[in-house]
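The same chain A turns up in both complexes below, where it pairs with chain B and then with chain C.
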Partner chain A sequence: MNSVSGSSIKTVAVTLVAAVSIPVILLALSSEDPLQSITFFFTGPFQSTYNLGNMLDNTAMLILTGLGMSIAFRAGTFNLGGEGQVYAGAITAVIISLNIGNTAGFTGIVIVLTAGLLTGALIAGISGFLKKQWNTDELISTFLLSGAIIHLTDFLIANPFRDRSSFLISTEKIPEKLFLYKLMGSSHLNISFFLSIAAVFLAYIFLFKSTTGYEIRLTGLNRKFVEYGGIPYKRHLVIPMLISGGMYGLAGSFSVLGNFHMGIKGFTAGLGWNGIAVTLIAGNNPIFIIPGALIFAYLEAGTEVAMIHSDLSFEFSNLIKAVIFFLITAKRFKLRRKVTLG
Partner chain B sequence: MNKRIVPGLLLTAILTVLFFSSCTKQTEKKEAQSKDYSVALFIPGVVAGSPTYEMMVRGAKKAISEIPNGKIKVIEGGYNQGEWLEKLTVIAASREYDLIVSTNPAMPAISAEVSKQFPQQKFFLLDGFLEGNNSIYTFRYNQKEQGFLGGYFAGLVTTSTMEGANKDLKIGLIAGQEYPDMMQAILPGFKAGAAAANTNISVDFRVVGNWYDAEKARSLAASIYDSGADIILTIAGGANQGVITAGRNLGKYVLMYDVSSYDDAPGIIAGSTIIRQEKAAYEKIKEAIAGKMKFGSADIADVKGGWVSFDNKHPLYQKNIPQDVKDKLQEMLNRFESGTLSLKMPVYLGK
Partner chain C sequence: MDTPLLEMHGIAKTFHKNSVKAVDGANLIVGQSEIHIIIGENGAGKSTLMHILSGEVFPDSGKIIFNNREGIPGTPSEALGEGIGMLHQHIKLIPELTVLENIILGAEPSGGYGIINRKEAIKKLNRLSVKYDLSAEPDKLVSTLNSDEKQKTALLSILFQDIKLLILDEPTTFFSELKTDSVYKLIRKLKSIGKSVVIITHKLKEAAAIGDFITVMRGGKTILTLKASETDPHRLSNIIFGDEKNLSPVRSGSIFGNPLLELKNLLFIKNGKEILDISLTVREGEIVVVTGIRESGLETLEKLLSGEYKASAGIIMYKTAELSGRTELRKRKAGYIPSDRIKTGTSTESSIAENMILLNYKSFSKSGIFRAGSIKKFAYTLIKKYGITGVPGQIMSTLSGGNIQRVMISREIEANPELLIVAEPSRGLDIKSKSLIYNKIFNLKNKGSGILIISSDIEESLRIADRLIILYDGKVAYSGDGKGIDRSALGKIMLGYDR
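Right after this comes the complex of A and B.
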């Protein structure tokens, strides 16, 4: 069980240094006042409790989506449908919240979160089932299904659940008794932060201390060996997808109860893809998901603050994120190729 | 491999920071100057490709350039509406700007939310409406009158003998989305304007569902044209291009909103209502700098005040539109400008 090996620490370190250097270089090249931009980039997230709280809240969401991706990776499967699963989890949370009536706060919150989780699990589970039954490539099926789900969710927000008195393309606000307890002033940080961290440890225990987790990891490492050993490996094509989708769905419902308090068209955009980046920063290790998510959220918050305070444009801040994402992915694939060749 | 990359990247980062820290003195000098007035221009979208945002930016920059030590920062909020509140809060939380300027009917409610946490932050919001918040001044255009002018012109075109006009008394309106201004001011104004030209005209109203899907807008426009309409008013942001393409393909007319853009499709864009967004941004920011902005109040800018109009001076309009249509439209404009005709903007509070 080399879950926290020296080489994976080194991989994470390299990725982090690269991820921090790239924005610095790009800011230096693009900004008229590079020092100011770079200073805001690095110190911005800590300049106020509002910025800090929002960064930590984003970290919590990225922990869940990163975890979702990581579990699928561990089983040797891919879940590229994160975007759709988060969005579907979120809209389910909104719809249930709007219809929950007089259910008491805590029970209501549990119902909404469970519904969001199940929605994500169900959508990813379909791809797992297709893989199990007909060996349908889950890389394609999760991605395509997610594309359709995003359009469906857009439709739900823009049509049957649209709040016609709003200038935004949004649903009505959910009842206040379902809002998650806030932890840091007016920022979005709420108790989902601790629940996300707890999820990481549960995932770690599941993967590394349980028989099913062991079988899943083994399936990810060598499917033929597992089959030869008499383990029903096909089961492990569905379970990881269910858990993976569940994490994405949970992230969606957390973002509704903790942050947005309504459904707005496209509001969870980016969470699914960024989860992949977090997993890759973390070297696919559940425990490293926490610092991985923190780093990614820090980079996001840094670019946002730099954009507000310096002359960094909206497009350029997105370019920086894209370069970081590209770099992390490229690095990972290079390692993967090395492993294959080796 | 890792061993070589880590120090390499670290070195690059350190060298970059060191290189630019040599510019510190210059920066300090800049910061040492006092700033008299600073404005943050929050764009709910991106500036590039949006003429109304470009007009606002030009007007605001001009106002700021006229004072010594004025500072202006254009901040693009992007298309994800869910992020606007957070971004606006971060701007207010920085306490760096005397005034936040924005434009969009959704911004008053979002700004009021931010104002609860940062009551000292002042807002000037164009194209939005909110009364009674002492930190917010709104300035919206009388879109009922603007819609009326568009509808009247479209009505004149569909009843005219113009080459692209048929016998059917049908006109269209394509909107990016349904929102209170559209449903309660623009569309009713457009219908009333069309009825003023001919009471038998029917209006085909369609919604794209977003502000960027030009292909969907093209197919909606094609279907409206197919059903007998000869002119469509398009209020769909980036998706307007799709309506223009459909008009070009079928030899029909397009009517533009807010910004005169005849040159984009000569012969296809038959008319355009206009708003004086640049003038509004310029004059109102000058007011704010002078300490004369009436925070807490909401102004409505109409045709009579010169803020809303129809661009009937453009050479392409003069060349392509028959004289009787031009005369009738001018007559209608005169009635609004002299005050003999005015339409009341409905008072409603959107969220």
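Right after this comes the complex of A and C.
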């Protein structure tokens, strides 16, 4: 009988080998020129500062949405309305930006970001309030509310705020003085990258070092225990939702000021769901959200580059992403030994 | 000579998170149709060793030969497939399913096309019920069962699979006093049809009474194995603890102060049936023990006091104020050790320190941020004072049952409550832990706190009560200082023969 120690190293190794070899096999099967596709897939994100910068900008957005989800998870609640909250935060940012007139750059930026954050917080907060008041399942209410808000935002972009001179379904461009400072050439990478990293550490301190974080985590782990301890826990059905939605709203307004500079129909789509994926990769730990978001953004960038430069199809690139994501989250690849015959 | 059914050699397991050696080179040999007792104090490694055998914990090293086959089960279902079943101290059933569904789970008799053959399942269940004298109502939802019925269901679900070895973790702790006999009967029945039983227990008398062999564990090691007929509880106790401990705390003649807790004609009616009707007073410096058999109203009393149930009539007074809920009890700084230690009294996925600071966590913070140093210091103080095996950052679920209880007890008692409510204080505790908790309760009493104990352990009740209240069928059958009342007289009152 062997010792089982060292199995965790083996587990990680198996996962990594599988995560790399399965897309390679899939690409080899599907592509006319597999070597080229594989090369673009794995090295594409590093081939230019443009690609690298965009990947890092996407990382920043995923960090924020991942944080939003993980705080909700920690409190034992679910926020499935990320898509709508990001979108609503973004459209709020656009509308405020277009109407802010002559307000100076920095103040204007702060106002726009705050408005986006509050919009996301408010929407998620509604579900938290319903949960507290009438025990409405937040899984359902966040999801449904988000669905409605996506349509409403689509309408706002396509009708009252539409820029008729554009061939896109989009709003007018926001004033340039509100653009966030860019960090890497023509890529979208901007200072929101540092702000989202700062948000990770703030979230960590909040969750693990503050008394409110203690209450929230206990509520998430064992509500009976919190009640038994005499801690009023009902507000922790609302507060984590506010924070979660706030993070999503902030991500939406960052992507307007830092990247798109206007509202385009469906322009933040995917950020909400991908936030959940990032949280799962990170095992719900705020600190691990940074590498988690990086991995996810790298995969997205790799498939995008491979799609543009080789014959990889859109569907296939998504399939590869799904396989890798599945392997990463199946972290308990237990190599358990069967009872062997003697 | 027969080959043994089970051999375990050099089993070791360290939980990596905290590098505590739970099992450290343990050996165990169990013969065919043998009742084998594993005994030892809390944290000795008994449960971990058996969890390894039942496939729930994978050992770091060691060898297992079961039924002439060598191998270590990777999962509980693998172990079951080999014929090893374990009944846990904390029962694992799915409350939303029926008794029958729980019992057949994983071994559903197939009627073809993936449909369960219900007739066959019922038939087999009935056979088992008769064979082992375990009644069951197959269509009842598990969430509606009381704890005895849950225990029976869990047991039947194991027996439903064709096992060769049954592991019982503290079997009589969770059956009430009166049903111990039927547990014994069941164990003997299993033996008589050629099956082996391994029993983990704290109860010395039980070990000597029913076991063929007794293995003593201490500090993760198996110290020795004896023939049960060659030993007695007194000798066993010496082996387990090294020296004899004085187990009986001295009852101090006390002068009692003002009333702290008063229940005045507290009534609980459910579905038109009177479940509980009780009046009692707990004064400063007084230990009041409420005892009774199962379903005599003890559980209801606890739920009324915790605020889970609302009284139908009557008054709960705390000093001069009327209380209504659990939160209020806590606001008034009353201590409470619930009988449901795991789900209510503990946050199992939090650390020892996080469990310890529950009642006063805000005092460890400055403008909303914790001071990590002071928490650590507090936790270490309690760990030392209460003899807990662990470190502050350790996750509770990695602790042994006894240590989990000590963490909870330390938290409730260190807060120096004026009133402490304890449900089933010694449930699942070994002798050392028992005397620790009694000592702490007596300290608290001597400081002038009032203590209300709800206990189904008769000996314990007699030993520590200043005032003893016996419930029968939801009513007070006896209330007095317990003097001149012996165990058999007590038993009669508890059974409702003598009022």
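Please note the rule applied: the second predicted complex is superposed on the first by the 298 of 342 C-alpha atoms of A that agree within 3 Å, B and C clash if a C-alpha of one lies under 4 Å from a C-alpha of the other, contacts with A are read in each partner's own complex, and residues count from 1 in each chain.
Assume contacts are C-beta pairs under 8 Å (C-beta built on N, C-alpha and C of every residue); 3 or more make two chains touch, one makes a residue touch a chain.
Note that this is a predicted model, so its numbers are computed, not measured.
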| item | value |
| --- | --- |
| Which superposed partner A:E304 touches (first chain B, second chain C, both, neither) | first |
| Which of chain B and chain C A:D163 touches, first, second, both or neither | first |
| Which of chain B and chain C A:A269 touches, first, second, both or neither | first |
| Partner chain(s) touched by A:W134 [first = chain B, second = chain C, both, neither] | neither |
| Contact residues of chain A, present in both the chain B and the chain C interface | none |
| Parts of chain A lying in touch with chain C, wherever the complex brings them together | 1, 3-5, 205, 209-212, 214, 217-218, 221-222, 224-225, 227-232, 334, 336-342 |
| Interfacial residue positions of chain A with respect to chain B in the complex | 7, 10-11, 13-14, 17-18, 20-21, 24-25, 28, 33-36, 38, 47-48, 50-51, 54, 154, 158, 162-170, 186, 188, 260, 264-269, 304-305, 307-309, 311, 313-315 |
| Chain A partner contacts - residues on chain B that touch it in the complex | 2, 5-6, 9-10, 12-13, 16-17, 19-21, 23-24, 27, 30, 40, 46, 73, 75-83, 86-87, 89-91, 93-94, 96, 104-106, 109, 117, 177-181, 183, 209-210, 349-351 |
| Residues of chain C defined as touching chain A within the complex | 58-65, 68-75, 78, 81-82, 306, 326-327, 329-331, 336, 338, 343-350, 354, 358-359, 361-362, 365, 368-370, 372 |
